[in-house]
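Letters A, B and C mark the chains in the order given here, with residues in each chain numbered from 1 onward.
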Amino acid sequence: MRSHTEYLTFKTQRHREFINITGQVETALAKSGVREGMILVSAMHITAGVWVNDAEDGLLADIDEWLEKLAPFRRDYRHHHTGESNGDSHLKSLLVHHQVIVPVTDGRLDLGPWQQVYYAEFDGQRSKRLIIKVMGE
Amino acid sequence: MRSHTEYLTFKTQRHREFINITGQVETALAKSGVREGMILVSAMHITAGVWVNDAEDGLLADIDEWLEKLAPFRRDYRHHHTGESNGDSHLKSLLVHHQVIVPVTDGRLDLGPWQQVYYAEFDGQRSKRLIIKVMGE
Amino acid sequence: MRSHTEYLTFKTQRHREFINITGQVETALAKSGVREGMILVSAMHITAGVWVNDAEDGLLADIDEWLEKLAPFRRDYRHHHTGESNGDSHLKSLLVHHQVIVPVTDGRLDLGPWQQVYYAEFDGQRSKRLIIKVMGE
């Protein structure tokens, strides 16, 4: 089994931001030399997510509004007794999940026609890491 | 490492439909010859999901009603400016996630007693693909 | 490829309970001898979840309250016609997902500073199983 590991670091300008990282996942695959296998793309912080969906700005704004409705910012989360104010960011991360697996076939990302890999920052403006781990042969 | 890849195509009769694909995952495993490893089962479209849960019709109807409540059809999603009308299908896909990993032990799906693999179509009546990728030894 | 499989059994005292299992995942990794690869941590029952997030009691209470709001206990789920009363436990499991992949680098869990692996019991007081499967080299 061959494996290759990379870390991306994000420091977004806005508190919430959704970033298409499909190109970086492709670059990691190219370096790995893997032809058959899978790539784990996983946020290393607990207030961020990773998803696979459409690269369409209207949809991204819909997702943002929808997440705020289902997991809203509130002053009175118990978590805030620790001095944090990001309780909603944790809930948003749980809701969309923090990782995906991208299959690799014939040396390429085996994604459908509209599938793009997104890093979802829910508590930005500070350095956050993500791991890309390619495994296969 | 041994690997085996299959693609399933669905064209459901209804707009939303939940299909038990455990048998097809077992068939892919049998073809692969893998005895120890894992199977990635992943929707290749961004308006479909994959989950592991119970094969019980009442529960499936409960899930459908619940998803419509949390991620409802609405006319006014920004995504619809593209000409689409399936904004809610994207949100439902994000909510349930689009993939699962099924562990393989001693040449069989290592699922619990009630675990069944489901393909969840949220925008059907057209051809949609799913990848099954078996990896192991 | 090297692989190692373990099963944990939980019988929680309360109906809902969230248990930090990071230590057990580390123990399984140590037994496996794997230095590069991944660990699948997956609930084997359909009324439980697995997530990676913070080990902070206030947040865990926030998560519990939030899940009850998004996927509430109700008497009238169709699933209850089977004699069960745990419809909400299935929905909570779907919402948080039932599994995670933990990356392994240099023989250790490659988690971020605050990432901890949790087993989330949504229908406890009976024996439930979880699989830990380490794969790599």
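Keep in mind that, in the parts below, a contact is a pair of C-beta atoms (placed from the backbone, for glycine too) under 8 Å apart; a residue touches a chain by one contact, two chains touch by 3 or more.
Keep in mind that this is a model prediction, so the values were computed, not measured.
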- request: Using the contact definition from the top, classify how the chains connect: line, ring, star, complete or other.
  value: complete
- prompt: Given a C-alpha superposition of subunit A onto subunit B, how large is the rotation in degrees, taken in steps of 5?
  reply: 120
- request: Could you label the subunit B-subunit C interface same or different, taking same to mean over half of its residue numbers are used by both chains?
  value: different
Task: Indicate the whole-number Å distance between the mean C-alpha point of subunit B and the mean C-alpha point of subunit C.
output: 20
- line: Two or more other chains are touched by the subunit C residues 1, 70, 95, 97, 101
Statement: The answer for subunit C against subunit A in the complex is residues 1, 36-38, 51-54, 56-59, 61-63, 66, 70, 95-97, 100-101, 103, 105, 110-112, 114-115, 136-137
Message: List the residues on subunit A that touch subunit C in their complex, please.
response: 1, 3, 5, 40, 42-46, 70-71, 77-82, 87, 90-91, 93-95, 97-99, 101, 129, 131, 133, 135
